[in-house]
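Chain lettering (A, B, C, D and E) follows the sequence in which the chains are written, and residue indices restart at 1 in each chain.
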Amino acid sequence: MADYSQFNPAWGDRAPVIIGFLCNWCSYRAADLAGTSRFGYPATLRDIRIMCTGRLDPTFVVKALREGADGVLVMGCHPGQCHYEEGNYKAMRRIALLQRTLAQLGVHPDRVQLAWASAAQGGIFTETVKEMTEKVARLGPMQWRDNLEETAPHQEEGVPL
Amino acid sequence: MTASNGAYVYYPGCSLQASAHAYDISTKRVAERLNLTFNEIDDWNCCGATEFFSINALPAYSLVARNLALAAQTGGAPELVAPCSACYLNLRKTNDYMAKYKKLNQQVNQALAAGNLHYNAGSLRVRHLLDIVVQDVGYEKIGAEVTRSLQGMRVAPYYGCLIVRPDTGYNTEYPTHLDKLMTTLGATVIDFPMKTHCCGGHMTQISEAVAYELIRRILKNAADYGADAIVTLCPMCQLNLDVYQGQVNRTFGTDFNIPILYFTQLMGIAFGMTPQELGFGSEVVSADRALAQIGREEPEERERPKRKDKQALPMPALNGGGRSES
Amino acid sequence: MSEEKVGVYVCHCGHNIAGTVNVEEVSEWAGQLPNVAVAKDYKFMCSSLGQEMVEEDIKKEGLTRVVVAACSPHMHEPTFRGACQRAGMNPYLFEMANIREHASWVHQDDKPAATEKAKAIISGAVRRSLELAPLEPFRAPINKTTLVVGGGIAGINAALEIAGAGYKVLLVEREPSIGGHMAQFDKTFPTLDCAACILTPKMFDVGNSPNIELLTYSEVEQVDGYVGNFTVRIRKRARKIDTTLCTGCGDCWERCPAKVIDDVYESGLGYRTAVYRPFPQAVPKYPVIDTESCIYFKNGRCKACEKFCPTGAIKFDQEDEVVVVNVGNIVLATGYDVFDARRIPAYGYGRLANVFTSMEFERMTNASGPTDGKVVLRDGVTAPETVAIIHCVGSRDKNTNVYCSATCCMAALKFAHLVKEKTNAQVYNFYIDMRTAFKDYELFYTRLLEEGTHFIRGRAAEVTDAARLPGEEGKLIVQAEDTLIGKQRRVPVDMVILMVAMEPRADASEVAHRFGIGCSDAGFFTERHPKLDPVATMTEGIFIAGTCQGPKDIPASVSQGEATAARVLGLIGKGEVQIEPVRAQIDEDRCSGCRICNNLCPYNAIDFIAEKGVSRVNPAQCKGCGTCVAACPSQVITGQHYTYDSIMSQIEGLLYDVRSPNEKVRVVEMEPA
Amino acid sequence: MLYTSRKPGLYEQIMAETPGGDVLMTCLQCGTCGGSCPSGADMDATPRRLFAMLMADMDEAVLESNTPWYCVSCYYCTVRCPQAIPITDLMYTLKQKAIAAGKYHKEAHADFSGSFVGYIEQYGRSFEFGLATRFQLTHHPLKTLSKGGLGFDMLRRGRLNTTPDRIRNMPQLTAILNEAKRLAAQHGGAP
Amino acid sequence: MSAKPKLAVYWASSCGGCEIAILAIHEKILDVAAAFDLVFWPCVLDFKKADVAAMADGEIDVTLFNGAIRTEENAEMAHLLRKKSKVLVAYGSCAMEGCIPGLANFADRKHMMQYIYHDAPTVDNPEGVEPQPQTTVPEGTLTLPAYWDTVKTLDQVVPVDYYLPGCPPEAKWTQAAVEAIMSGQLPPPGSVIGMDVTVCDECPREREEKKIKRFYRPQEIIPDPNKCLLDQGLLCMGIATRAGCGALCPSVNMGCRGCYGPNVDVVDGGARMISAIGSVIDAKTPEEIDAVLDTLPDPAGYFYRFGLAHSMLRRTALVRENGDRRAQPLEEVPHLDPKLKT
């Protein structure tokens, strides 16, 4: 397994986990093409197929970060080439607003990225995952769980934090 | 005029201090006329030419980067202008490569740090003097400054290599911006197929046989097309074609007698300045005869006769998608 | 906890998955997941034995959900949905976990990580499967009329095949006549038979088929609908000719005083008039008036054509006409553009008179071309004594197009032969690699070798008129490295032919978007599968044929045209189509009518019902993208099959190993007092 | 001599130490570089051939070749290369390698570059007069007389400074160059 | 033991408005007094903690608990009352979703202390004294309840039976809750006493298809009184906020602040706003989008004003290291309040 502590010692022996949301028509197929072309990339991305980046509910991004992901990568068709005309523009605006909002909460915008790849761009898909992995690796783990642990006494067993 | 507002950071380079001082003088005179402000980088160093990169690349990039770092500290717009093509390429390449290759950027900046300097890759825009003249000033404004048309003088526009290659946005094989500039000044511009071929560069020092042949090709082509002068924009090109012209004639038994002039010198002439204030006289092959051509009524037809036959097939237009009849 | 029983099947895909992912470990691990009743691994899940295993388990074990961890859903989702359906399970309760394209094939250098990722993917799929709901596909009848776009050799063959089977075809062509690039050619390789002789009978058949409606000088402007039921808007550009009166006699173009260079049919090498018929065998036979070059349209005078037209067919005031038609299937055969040789300035095209493109040369050798088939220099009279043919102009070049244009080597050989035959000139071919695949092509190459054609293995570096050596004056000099001897060569010639690349049409990506299909990186239309589904696209009911899919020669274009016909006829034969029931639904009881969703829908499927103060989705117009689902601020729009819960569960599943524990979900509602 | 299967060698080093150099792997051997090269006729191996030799592990022959030294840095090969290989930059790296290995074609070639760099390291600016005289006297003592004519021409026209120009902050430049040399030695050339 | 059901009311970390809101049910309060035996209400009656501790577990029938959990004392009382109560109601926005006290989760204890006791312009603290949980004085050890790093909602500390949203809850909902409890007609545990639509449902303003070219702050525009505020570029949380207030704020030309929290089933109201607002911005390029978003300062403050502590993220993502919240990503994060930088 790749050693991510070279980017940030906080990784120890674990690797970043990135949740991907890939649109059915372009980037999911780009990921398929990366596969058929045997383009290697870090095993950090765990992806979810959605029909369009327009389906991307910011809740999913927050959920992923909250549930332990270190980054979220949303990929769709290039602007102007959305299978559903304009879904990717909506994603672009939502992600921009989400990034600003999350930045106020201390989440670096690099942890939530939006990128484009057409069905033919397995190479771009691969490069995007590599770049995102490196950026997230530099930022270090998200550590949300640790973040919510309260050191105060009077915590009872079984009571959620 | 562009966002630079006519103010630029200026990198003259070593040649302009010595062998190409005519270029330096004429550049300054022309810049003054065109209301361009050139703020020279304080204490700039050599760009390394092509030689330093052959010895050790990282120090070579660092050498250039020192100039970039100093340039970024110089006041004015973030536009760095260099009149020498080799300096221009080295500055531009270092700037681009540092922006493109992370490791290089990091190492170069680490070296700069030893001299208490830092350069943000890509923060400057490196440009050649000719680009400033044709893009920022523009043909129209230059045309308005022409008081003494160069009509009657046939010039071969010679770009050399480093202003169009490897990737400067101009046509890498057949640029025409110097052609247009010369036309704006009133000169007759010959179709010059060798316009972006090599002047020999440092080969004069390494292998004379190779260098003289390269110089011969250019001179022959200019002579074939009846040029009165070759107009250039690079000290190295000027030096090789001018200073070695006699050697070439001796080696090949030719009798080329073509003066090699800087475009700024011809701009100055067209703007009504005297040859003396533009550094004329420092060329080895005298420009007198070429300058004497100015003002002649009609240059004699020396181009190849064009066939105007009704059977002729249409010729594709060089620019754009249309066709023209030959 | 849910009571669903999930079956998980981990496919080895031979070594494709098993070579990287430890499938036994993964399957054993999956068996421990909550709700998983069965977990197995198997060599080839898509084999009939694999499918039968799933079917059997559904019946025997009472599985209510099935997850197959194998390849991309784009590959085998339909396969396993079929298996589930055969066993009586609703196919939409099936979920695919892509551990091949998205794991084993891309993490070959980190096998432990690939195995761990496969587990996460399966965990996500299992969690998602629990939230899936049974759905029924929509069924719709297929309109039996087919639209073919593009009247080149591929489109012509597609149209003739479908029409021949007895169904209506609408053939739309942008130019005034069908025929495409093939109509410009004189000879075809390797047999050297005459292009016109084999093409014009087919064109004639198209013009005369009762089942083909031909719309030339027309373009598709808009496409709506889905497989079986497309609505297409076509603009018929005004020919300024009343085709009911025109007899194609030719009086108009013979009298027309406006002479312009014909950039399309003559590739710029010849002329046409402002009112013109592209070529004598044009189908339909009617001319068009090119209003840009017509003197009357420029300054209001002339009208020579009108004066001389014996039937009064010239109609200067004719306007464009827009027709809307309904079709069931669409075949795109929009062809290619020719590479603009000016983009490689080293070859001097446009500057050096005697540098020609291959398309210009096609017209030059054509007996009905501008030189009546004579091979001459740009002056129109001088025959060349030496000719250079430069291969790969705009092909195999990262600065222009990286792909091989596939046909140029053979076309170059054809040209070399024709030059020899017509002028006996010396011919030099500058090539990188000779590519003469396919039947009898290599024989043709051998024949050219026998004819004494020179082959220089080296990509031409430049073409110049700068003479350097004696003997070069007045010539074009082709400079190249002869790589077989490792030396530079300068070959003085009279004429240079540039074998220009086939490029995607300039508006290919626009057209692709209009029809809802994709383009490859190079810009050609993307097929559903490069090997096994080469003429279908990602959009059901839209097929592609010929060079719009990629560079190819005439036999390959014809084959694809006919293949699309077979696909279309297959669908027509079925009579109806099934459409994925992925749609959005608004819970009207809980919609507060904020109208956020109203203008998000690209298909205008959302209506605001003012009297009720709620929004509503029209399922016939909805295509299931989910944009409104994501946008609803009160979260009352459901996106079927990609529901909120299914995706949230999949996230939890994917992060099973890093999740924060004990996340509490609360809240049941109560009505106000 | 028989060349068998490849092992990592000069080929890999050259690619690694040239910015963007790894595309050399995609060389088609089309000969556009060799065909374009102004001094190609005088090279003992065209660039294309040199690359083939690199791939065939003919490291010695590559280092001894005059090809990189005859490169005039015109960048024709680079802009025309259908695989966008930075050939000119590769030539620079090859020169560095040849100097490092002491295997260059003619001492004069490396020495010219060396003298040039020497002046820069001493003064921060190039010194044409010093360079020309020193280099010519060392390598072409007999010709210096005839070349002297050129020098005289230039001197007479005020185009040669007989004393070098020196930058003010030489210590800064020296510090930068020394650090760069240290890094280069440590990391094995530029990326 | 009294036959009347026992009622307790407690005030944790909140402004006290909820205490008044309970009284805002007007004459119904008399019914409450008649129907219940008030066993603990520190704001109103003089019972002590020890009195509660002395009760048997489950002895209190209903506890209305308002306020968030911010200190050790809040938590202790929450645990105590949970133990002693059959039904625990999170009363009001603070107890339910953290509300304004929850905004402290944009920072952490260390930064709060730094600002409050050192950096705030009104502070005069030359010796740099900070409150300590334990202080030794000659007389012995003084204690203060520990100040938590993270503000929590009641249900993040103890299980909660019912929720009454609002800042404060509207009287009609308190009344509905009281009536339900008195009648014994209790909804299933976990229920919110409220509506399942959003404020738009109660808002009389006329709405159109939305396309927002820029946002206005209230002082920048005089809105049309009949048109949807959001349509006019005034940020209104009504689209994503549970109804029940009668659209109070929009009816006085002020965008909804979102105090009733997100709609049913929505776990992160801020994310819903981001999605909805992002969807209707009229911009297509990153530059255009940025220009529009620049007119919307402090989006997190808007969208999570009431619900941050109960949102999915709950608090700022500062990373803890060596027991301290180190502002590791902070230097790199744009748009962040400079006050929070170390």
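The rule is simple: a contact is a pair of C-beta atoms (placed from the backbone, for glycine too) under 8 Å apart; a residue touches a chain by one contact, two chains touch by 3 or more.
Nothing here was measured: the structure is a model prediction, and the numbers come from that model.
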item	value
Steps in the shortest chain-to-chain touch route ending at chain E and beginning at chain D	2
Common touching chains of chain D and chain C	B
Pair joined by more contacting C-beta pairs (A-E or B-C)	A-E
Taking each chain's C-alpha mean as its centre, the one farthest from chain D	E
Per Cα centroids, the chain farthest from chain A	B
Gap in Å, rounded to a whole number, between the CA centres of chain D and chain B	23
Centroid distance [mean C-alpha coordinates] between chain E and chain B, Å	70
Whole-Å gap between the CA centroids of chain A and chain C	32
Chain C and chain E: spacing of chain centres that average the CA atoms, whole Å	56
Overlap residues in chain D, where contacts from two or more other chains coincide	76, 79
Two or more partner chains touched - positions in chain E	156, 267, 272, 275, 279
Where chain B touches two or more other chains at once, by residue number	172-173, 197
Which pairs of chains touch, using the document's own definition	A-C, A-E, B-C, B-D, C-D, C-E
In the complex, chain D residues that touch chain B	17, 19-20, 38-39, 42, 68-70, 72-76, 78-79, 86, 88, 92-93, 95-96, 99, 108-110, 112-114, 116-117, 120, 124-126, 128-129, 132, 135, 150, 153-154, 157-161, 165, 167-169, 172-173, 175-181, 183-184, 187, 189-191
Interface residues, chain E side, partner chain A - complex	72, 75-76, 79, 106, 146, 148-150, 152, 156-159, 267-268, 270-272, 274-275, 277-279, 281, 283-284, 286, 289-290, 293, 296, 298-301, 303-304, 311-321, 323, 328-330, 332-337
Chain C to chain D touching residues, read off their complex	346, 392, 396-399, 432, 457-462, 479-483, 486-489
Chain C residues touching chain B - in the complex, by the definition given at the top	261, 263, 268-271, 340, 342, 345-346, 348-351, 353, 370-371, 376, 378-381, 462, 464-468
Residue ranges of chain A touching chain C (in the complex, touch as defined)	1-2, 15, 17, 19, 25-26, 28-29, 31-32, 34-36, 38-43, 46-52, 54-60, 63-64, 66-69, 80-81, 83-87, 90, 94, 118-121, 126, 144-145, 148, 160-161
